[in-house]
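Two complexes come next, and they have one chain in common, subunit A, joined by subunit B in the first and subunit C in the second.
Moving on to the complex of A and B:
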């Protein structure tokens, strides 16, 4: 009995930590509709600041708690700065675009933290006065865990009081439900958003600071928490603080008991729980319909067929690429293959997001399944390169068909998070199922056939498959099927009214996008010679997302420009020390100069030039 | 039309020849290096300093084969695919004669496979995975650092001397952790058939739920614990474990935890008397090590860490291979690497076994302790890697046929 109680209390203590960071994320999303990747960075900075303050003050119980609160307040100020100088300028950008900016912030914070605090993990002191364990039913329970168990609900209560007993809190809740109406009633939105951001960042910083007595402060803290924080937020329902609390308790307590029975489960447990919750309750536990989308925006301009001049320019660019092996060194061809793979991947994601209106945070799943299907066809079935290349995209299509069926039942951020859950579950299976997938040691020796092993020949294979794939997706976007997809995206109700089976079309769109992502994965697998679970990891999904959003979601050229820019800039900056700051800085500059993405920025520039010429 | 196409194709094939610059006379020997500098700076920074020092010393002494060594070093961002692209660039653009480096096992494996495909020598400096030299070993890949199997075997030898019969293991849930537990189990069972493994915990790497893991271990009431967690996970595990009295009256055997990279962050919470593999830089008083340590401290203002030794020894081994080969051609280098002796290094002499391409560089086995408030190792001995490897015939059988 005592044992299970102790395990429960351990789970509850973890739940408090998780709740603090998730609640901030949820509040920020609820009001500003920003998917804030930088939230994990705020958490990490909170921990580092608290470490420095606690060790510097060294002031007993009072000094410790003062340092924790001060660290959290400082993080609140950092959040305010980020909001003021970056996010405030791009609130009117297309849905989710702000996510790119927060990604830039993540990169900058990573390098800044490394520069300030160094690479080594820092183990802070235990909490004074709470530095040992008490026996409960004979089981030792750390006193600090008990403190955390109290702090979580106390913060929840404080937030509830602020939200229900102050004018500001009422406005925040109103804005979470309908921010246009709040704006129309004359509330100063800029001020409301800033205050929300301060509160959210403060909570992230507090969550990080409170971790000091439990774990070493390290540079991995930001990325290791952000996934779970999103999961908790989504399970609870975006924008719902009490939902986040219940979700945090659910995940943490389940994990505490699950590892007793099946220790390996920890890798995927949160994502499995999220998938189940979303399938049963499409808006999370306490979410409301309407909480899934970003702010309203101008409807998309209809896609136009290329003008004569545009078609000629495009043909010239493709020709130049086709002839590039004549002019460039071997190595550059390798880089160009990477660019083409990334471009096809981004275009397939754009087909889903831009054309189909389904945001995906887990598109790498289908890229990875394609890559693994090719590798396994070669290694397990003994197929040659060409049959493997033809077969593998169908593997990706099948995976997309399966997961797509669940995903298209949701919309907006919830759909995106279910795709993430699907990707993470697939990743977990790949990672764990060593006998078949090789686990994290991957599958080696997936090289092109002998006749295709020269860089030049493989370049043309990649060229044919990638450019062909991009062309096919472009064609599909302009086909009747593409029209229907866009119609469903812009108005599901009207599409249904004219007799379109909206879900079926979205499902098929999802599958097509998955198949072409798989094709990109196939080309990738043979160009690298080996496949690892990273191919379907979160980082790969995020990269694709950034490429699409950075390029501009409203134009078919967007993902192409975004992918090329992303790969080439990354290849260039990683040669430099502290390249993450530079890369993050470049992203922020692009974001601020072109809130409609690179394609939008280029378009505006062209219009400007044309007008001047006229 | 046909004629035109022929002419055009002909021109196309001729062009690359025209554009190829004449090979330049080499004043330096370029070594390609790739590692996870931004992903894992805590381990790769000391490593980088180590090879920088070695290159500087060798060049000051006149270089190798009458030429200066030049290392072109790149960050793989922690991604195997990026590492492959960089390796390609190092070979084809920078003119590197070989590649060394990598920390993460999957990146080590990816680059090893690349080396085989492109027929270029790869010295895997840091990755611990047994697969690199055994199940997925290849002709072009050698590995310097004592492997997971070797370090686990060193610990199993010490563990066998304990009275403990019931063992529990805790290891990060990926190939390294799995290999480390498997090797320890098999080596310990060989020495002590009476031991019994009563509990296994597999927390995700860098995401340990330490409280629950500690509770689960405690529930099995083992006599001793074998730990493979490291870095931030280790700190959490140590803190939660000592808070909950997990380590009271229990022996703990812990892989790599004596390495300064992992031990120093524990500060005054360093557990007392854990049996570990590691490296106590301030205590080793061989001539070679003192010279190395002094030069390192003078240059960087800090004591060397395990990574520093690995980086330093990597370049020593490469220089020895180049001298022995008398050339920078891959075939000559491969021939030189077989059985290559490195007669003097800070950790003593070591060699590369011809049968499985593993070096015999060893590790230090001892106990953790706080001495004058500083975490360190006591009662340590140097375990020569050669003693913890299967015989060359057995090892050759572990490798795929060539």
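Moving on to the complex of A and C:
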């Protein structure tokens, strides 16, 4: 009995931190509609700052708690700076651009933290006065856990009071429902957004700072918490603070007990819970469909067929690529294969997002399933390269067919979150299922057949598959099926009214996009000779998003430009120290200068030049 | 007081307004008539700074306001009552009014909670209810009351009679009369000629984004062909 109570209390203590960070995320999303990937970074910086302040002040109970609060306040200031210099400029850009910008912030914060605090994990001091354990029903319970259990509800109460008893809180709640109307009633939204950002980052910083007596402060804290924080936010309903609290308790307590039965579950459990909740309640426990007001009002431009000149340029580029093995070095050829794989991956994601109107935070799942299916076909089934290559995309298509069925029941940011959940579940299974997938060690020795083993021959295989795949997706986008998908994207209601089975078409679009991502994964697996769980990871999914958005979502050429730019820039900067700062900086510069992506930016530049010439 | 000249607006590539010109004088109630989709709402939203792609001239009290953020336009003295009401459903009636509350201004009558609850007795009874629990008519009252909390000098009323019961429409007419008595100016967009005639001093008719008529209701009555051409459904 005592043991189970101890487990419950541990779960509740975990819930408090999780609630703090998730509530901040939820508040920021509610008001600004920004899905803030940098929220995990705020959490991490809060922990580092608290560590430094506690060690520096070294002042007993008072000094400890003062340091915690000061660290959280400083993180609030950092949040304000990020809001003022970056996000404020792009509130009118598409939501996903803001997401990419926040990911740029993640990269910069990672390197800044590394530069200031070093790569070593830091072990914080215990909380003075709360450093022992009390026995409850014979089980030792850390006093600090009990303090955390009290802090969670206390913060919830404080937020509730602020939201219901102050004018500012009322404005925040109003803005969560309809921020444009709040503006029309004379409230300066910019000021409201800044204040919201301060509060949200303060809460993230507080969550991080409170963790220092419990876990080592490390550079992995940001991305390890952000997935779970998203899950909690989504389960609770985006924008709902009490929802975040209930979801945090639900996840943490379930987790505390589930690991007793099945220790490997903790990686996947939050995502499974989220998938179940979203299918039953598509907007989370307390969430509501968001207001449409205040978004960008420009409808998507129709996709244009290539002009004669554009088609010629494209043909010339493909020809140059086809001939490149004749005159480039081997390592360049390998790089070009990477570019082609990334391009096919990006084009498949664009097919889903730009054509299908479904944003995916977990497109890497199908890339990874394709790669693993190929590797397992070779290693477990003993198939040759060609049969494996033909078979594996169907594996990815099957996975997309399965998860897509759930995902297309939702829309917008909730759909995106469910794709993330799907990807994390697949990643967790791959990571844990040692016997079949090799777990963390991956599957090695997935080389092309002997006749195809030279870089040049494999280049042409990759060329045929990737360029062929891109061409097929382009055709699909301009086929009647593509028209229907775009119709559904622009207005689901109108599409339904003319008799389109919108869900079915989106489901098929999802599957097609997954299959081609799988094809990219296949080419990737044979070019690297191995696959690791990273292929399905969040980072890979975000890479895809960055490629599509950097290129520009409104043009079919966008993902091609974006992927090429991404791979080439990445290849160049990852050789440098502190490449994340540079890469994050490049992302931010592109986002701030060309909110419509590289393709959009080039278009605008061309128009400008033409006008000057005329 | 409000002068709109050659106002053009578009959503994406579709041009919604072309060269719209109208004016509202001191303590005047002006009706902007037109069919569904003629451009009435877009005109009002453009004045309020809620349409992105606009050009032309909008001056209020001598200052150019086109292109300003909508909160600045509100603070200059314009109050906007949206067609879809846009009540904050998760907030109570009082909280809805609180969102609209602004400091009193020298050039306009000051509205308080008590004053508004007198004018809208239904809302007084439901002050602690959530916005989403109100009936359509009550929501229509609340959206007007919320805007009045900002102490505007000029109220832009977008289709106030749409979708509410006839008895409420009558109440609405009384309220607009009350606003005029208080010294406010009102620009009201309407499809209902009969209702507009009761509450307003003169009329504009807009069709397909262009101004087709400007003048008195008497002239409109004397020339029924005008309203047949531009207003009949």
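Brief remarks follow.
Here is the rule we go by: the second predicted complex is superposed on the first by the 608 of 614 C-alpha atoms of A that agree within 3 Å, B and C clash if a C-alpha of one lies under 4 Å from a C-alpha of the other, contacts with A are read in each partner's own complex, and residues count from 1 in each chain.
Operating definition for what follows: a residue touches a chain if its C-beta (ideal position, glycine included) is under 8 Å from a C-beta of that chain, and two chains touch if they have at least 3 such contacts.
The shown structure was predicted, so the numbers you read here are calculated from the model rather than taken from an experiment.
In the superposed model, A:441 makes contact with subunit B only, not with subunit C. When the two structures are aligned on the shared chain, A:185 is found in touch with subunit C, with no touch to subunit B.
In the superposed pair of complexes, A:219 makes contact with subunit B only, with no contact to subunit C. When the shared chain is aligned, no partner comes close enough to touch A:55: not subunit B, not subunit C.
Judged by the touch definition given at the top, the superposed model places A:171 against subunit C, while subunit B stays out of reach. In the superposition on chain A, the chain among subunit B and subunit C reaching more residues of subunit A is B. Applying the stated contact rule after C-alpha superposition, one finds that A:491 touches neither subunit B nor subunit C.
Note for the complex: subunit A touches subunit B at residues 3, 6-7, 10-11, 13-14, 110-111, 114, 119-123, 126, 132-133, 140-142, 145, 213-216, 218-221, 224, 252, 255-256, 259-260, 263-264, 266-267, 323, 325-327, 329-331, 334-335, 338, 431-432, 434, 439-442, 444-445, 447, 453, 524, 528-530, 532, 534-535, 539, 571, 574-575, 579-580.
Here subunit A touches subunit C in the complex through residues 167, 170-171, 173-174, 176-178, 180-189, 288, 293, 297-299, 301, going by the rule given at the top. On the side of subunit B, the complex with subunit A involves touching residues 12, 15-16, 19, 38, 41-42, 45, 74-75, 77, 79-82, 84-85, 88-89, 92-93, 105-106, 109-110, 112-114, 116-117, 129, 131, 136, 173-175, 178, 200-204, 206-207, 209-213, 215-216, 219, 231-232, 235-236, 239-240, 243-245, 261, 264-267, 269. The touching residues of subunit C, counted against subunit A in their complex, run 11-12, 48-52, 69-71, 74-75, 80, 82, 86, 88-91, 95-96, 98-102, 146-147, 150.
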